[in-house]
Amino acid sequence: RGNLYNYILGIADNSLILAQRLGELCGHGPNLETDIALTNISLDLLGQTRSYYQYAAKVEGAGKSEDDIAFLRLEREYKNILLVEQPNTHFGYVMARQFLFDIYHLMMMKELQKSKDETLRAVANKGIKEVSYHKRFSSDWIKRLGDGTEESHGKMQEAIDDLWRYTNEMFQMTAADTEMAEAGIGVDVSKFKEAYYKEVSEVLKEATLTVPESKYFAKGGKEGIHTEHMGYILADLQYMQKTFPNMTW
Amino acid sequence: RGNLYNYILGIADNSLILAQRLGELCGHGPNLETDIALTNISLDLLGQTRSYYQYAAKVEGAGKSEDDIAFLRLEREYKNILLVEQPNTHFGYVMARQFLFDIYHLMMMKELQKSKDETLRAVANKGIKEVSYHKRFSSDWIKRLGDGTEESHGKMQEAIDDLWRYTNEMFQMTAADTEMAEAGIGVDVSKFKEAYYKEVSEVLKEATLTVPESKYFAKGGKEGIHTEHMGYILADLQYMQKTFPNMTW
Amino acid sequence: MSEKEIKNLEEIFEARIARDEKIEPKDWMPEKYRKTHIRQMSQHAHSEIVGMLPEGNWITRAPSLRRKAALLAKVQDEAGHGLYLYSACETLGITRDELYEQLHTGKAKYSSIFNYPTVTWADMGAIGWLVDGAAIINQVPLCNTSFGPYARAMVRVCKEESFHQRQGFEIMLTLSKGSEEQIAMAQDALNRWWWPSLMMLGPTDAESVHTEQSMKWKLKRKSNDELRQQFIDQTVPQADLLGLTVPDPDLKFNEATGHYDFGEIDWDEFWQVVKGHGPCNKERMNARVNAWDNGEWVRDAAMAHAEKKEKKKLKKVS
Amino acid sequence: MSEKEIKNLEEIFEARIARDEKIEPKDWMPEKYRKTHIRQMSQHAHSEIVGMLPEGNWITRAPSLRRKAALLAKVQDEAGHGLYLYSACETLGITRDELYEQLHTGKAKYSSIFNYPTVTWADMGAIGWLVDGAAIINQVPLCNTSFGPYARAMVRVCKEESFHQRQGFEIMLTLSKGSEEQIAMAQDALNRWWWPSLMMLGPTDAESVHTEQSMKWKLKRKSNDELRQQFIDQTVPQADLLGLTVPDPDLKFNEATGHYDFGEIDWDEFWQVVKGHGPCNKERMNARVNAWDNGEWVRDAAMAHAEKKEKKKLKKVS
């Protein structure tokens, strides 16, 4: 039960933190259309987050709410990968982060549809259409910016190069991941590492971008050791719940 | 007693929030010398803040600590002027904010040395040397940047123009201010408004900068209605105390 | 065209409006009609997108996941409103870039209510309840305005605004049933947003320009003061329901008129904010201009990419 | 100078060092001595200023006013150390701008410990206790090194570092006597900083270059492995005092040697971080380069202003 709970949080925290990062952008995008689309993605991710946390709360059986799980943990207890907490340095970073996550996210969701766990299956079934859209949206932008102007090409390449080191962490299995995969409940993400890099590379090539070759990768998020950005994300995220404990909003 | 408490907080919160803003810069200045100097100013202000809060806690007599006062109020309860919470947009803003505050701060401190309240007098006596140094430092930089290069002149003018609207609030008297001034404890800041603008204008002129003419001024900080920056400042400032209540550090 | 012919067209045009026919973009229209509509619709569009900012300020700090999602959705709706109001403007022969230019240079106005800061979470409730409430009162009559695209946009906008208004009220209701701090927060938000909301309905009739012509074109059906009275009459009982006190010592129900009498509005403050000196005018404008400037390379890239694609297509065909 | 003359000078020079005389900037010195000192002192200076960043990360979030002030003061001390170490370098005929250039282009190194993130408040304790502790062990022997300016700088640095070290230990002590969460936080920080601190004392003697020459010049008095052993022997009892567990299952006091035996260090991680692929190498370098680039207009203005002032003075004189 502990491992199922941890497994769910591992998935859900990615969606929460990415939704939070996208939420910062609301009203500040390059045009109204992208503003609307990014808010939409944020909303989809937040919706998935809520389903996961509600289920996690039930699994844990300690009477917690989705908000307790979302807002009242210590930084070391958040299990999201480092990629999703990286800042909105510029629109190229926003799109690179999204793209590098979406390719993985869709693969994971597709597998989760086969889970023996009914609730996880249901979340995946509902989410698959959303995530397919995210992936189409971000892939299109990678191509547009990669194969746009010289400036956009440079900025897009910079973002991909910078964020590349956060990709490998997606395929590392925690103890909870392994146990849940073996039980047929969770997804063995390590299996689609190769397919992931193949698909990412294809899009990058179409976008006239260079596939980074670095073999050095960052890790730690899944064990709750985050980059220094995370503390500031949480300071805002948790502000109200920490300032006014135990209230209804 | 309530008014003395509120009066002290009105002074102290300015120092706290400005110290906090300067603290953000630590390690990111244009060179080591300014980094050290700004950290020094931050430390001086923080020292003053602590003396004020310790006294306020005593005055209130509710068993609070300096940290309770510093970290555990709601945004609407912080009484600092809007000027000190403005962001470190660039080094010109940092210096303009400091300069516009220092001129006022020194005038206020000099008056506070005549307070009938022994503790406030002691804080002022100790602080006057520090604040004189701050003023010299920031005035020198105003001149250096104003009468430096074309670029620095433009940036300095921009910062002065932008922050000008936050100056008038310094001279507005709250109920606590008025009562404490009448009692010979607090300073009647409204009295040195003219001297303030005269002194500021002289430095600006020496710096070859234009004295802004706008007659529109912002207000609200003294009544706890802050700019939208304040919430984010507090989210970081209060993070630890809110996350781990009632602990010793 | 001779002057007579124009006069003739104008008469036919006015008659159509009088018969409640809709004017469509391709129909003949007087230049002043076109200009007035561009001005009003773009002002409305600008208000929607500037209006995203004060609420956007609380997205990262919303107190629950449900509220965060609702707030995101609301701000997204506002972007949507902006989008189709700009589109409606474009049917009158002006580009979105020109409209942005007007906003960014301060030539075009937007609702000055958005120049106040959002200080606490309760402001999310107060904005929905009061600001959207006042907006609806302004906008419902526009669902029957003479210019077709505007009228149709307004139908959709009003439907969504009224959802937002209920949502805002519901935030206030939750707070007013909550802890002492929450009740204080709600009251404080009402204190700060009440007067600016009344100002939203525009200057007093005595000071208001454009009114007569706008009435004829059904861009306006009631005067500012009538709308304001309607807003007050509708909102005060809601405040009572919340157990909150409207911050106006002169507010009193007048049995004789059947309306609430209310205190004097601080028109100096109104004009100060309209003229660009409100608490956040500069911040709002900076945020918009920065978003636009920082997005330039993205828009350029999108255009360059589209052109490249088009060329490739043509090559394949030829 | 003939080869013989140089050889003669070198012999006199080495003899002076052997006699524990200090070498001063204006004294003759072999080119290699000069270069080695520039490399080591600048590396040390760079470490001080890059080291400001991980701790600077917690200034705005320090849990009490007292701790906030102490942290500010500590980071300020590090800037001060940087300042006089750069000055010491400059006596050897290199400018601060050149030294920065080396740092910003990755040509010069800095202590790789600062490429780890500061994740919790307890890291402020762990850095003071362990990182400054290891630094002192490295630096105390340097108070007697042969190059005068470096030796004198080190006396001051060591004094302050030892204050920081005690302060860090005191943070850990407060946490370890605190709530369950605080104890967990302290243990977690020890877990994360222990091994990187051991690595701070440099590669094993087998892998270490420069050692022999450095010994002769008193730039080094003990080997890396000896220093590491000294650090462990000194620190483990302190961990015991805190009631914390050193994260090394092989750690054990060896009665025969009088030292602690310890487990194997992950040198792959060490070299990965040294080569620029640690958790924060990129962030640290970006922060330094951004500070420098964003400060360019300020430095230019200061120089332009000084020149103007100088001219005015000359005018007055003439």
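Structural remarks
By letter and in written order, the chains are A, B, C and D; residue numbering begins at 1 in each of them.
By definition in this document, a residue touches a chain if its C-beta (ideal position, glycine included) is under 8 Å from a C-beta of that chain, and two chains touch if they have at least 3 such contacts.
Computed from a prediction, not measured in an experiment: that's the story for all the values here.
Looking at B-C and A-C, the interface holding more C-beta pairs in contact is that of A-C.
In this assembly, the C-alpha centroid of chain A lies 37 Å from the C-alpha centroid of chain D. Separation between the centroids of chain C and chain D, computed from CA atoms only, is 58 Å. Each of the following residues of chain D touches two or more other chains: 61, 181.
Among all residues of chain A, those that touch two or more other chains are 74, 231, 235-236, 239.
Viewed as a contact network, the protein chains fit none of the simple shapes, being neither a path, a ring, a star nor fully connected.
Pairwise chain contacts in this structure: A-B, A-C, A-D, B-C, B-D. On the side of chain C, the complex with chain A involves touching residues 49, 52-53, 56, 59-69, 72-73, 75-76, 79-80, 82-83, 86, 121, 171, 174-175, 177-179, 181-182, 287, 290-292, 294-302, 304-305, 308. Here chain B touches chain D in the complex through residues 20, 23-24, 26-36, 39-40, 42-43, 46-47, 49-50, 53, 66-67, 70-71, 90-91, 143-145, 147-149, 151-152, 155, 236-237, 239-241, 244, 247-249, going by the rule given at the top. Those residues of chain C that touch chain B in the shared complex are 54, 57, 61, 117-120, 181, 188, 192, 272, 277, 279-280, 282-283. Those residues of chain B that touch chain C in the complex are listed here as 74-76, 162, 165, 214, 216, 218, 220, 225-228, 230-231, 235. Those residues of chain A whose C-beta lies close enough to touch chain B in the complex are 74, 231-232, 234-236, 238-239, 242-243.
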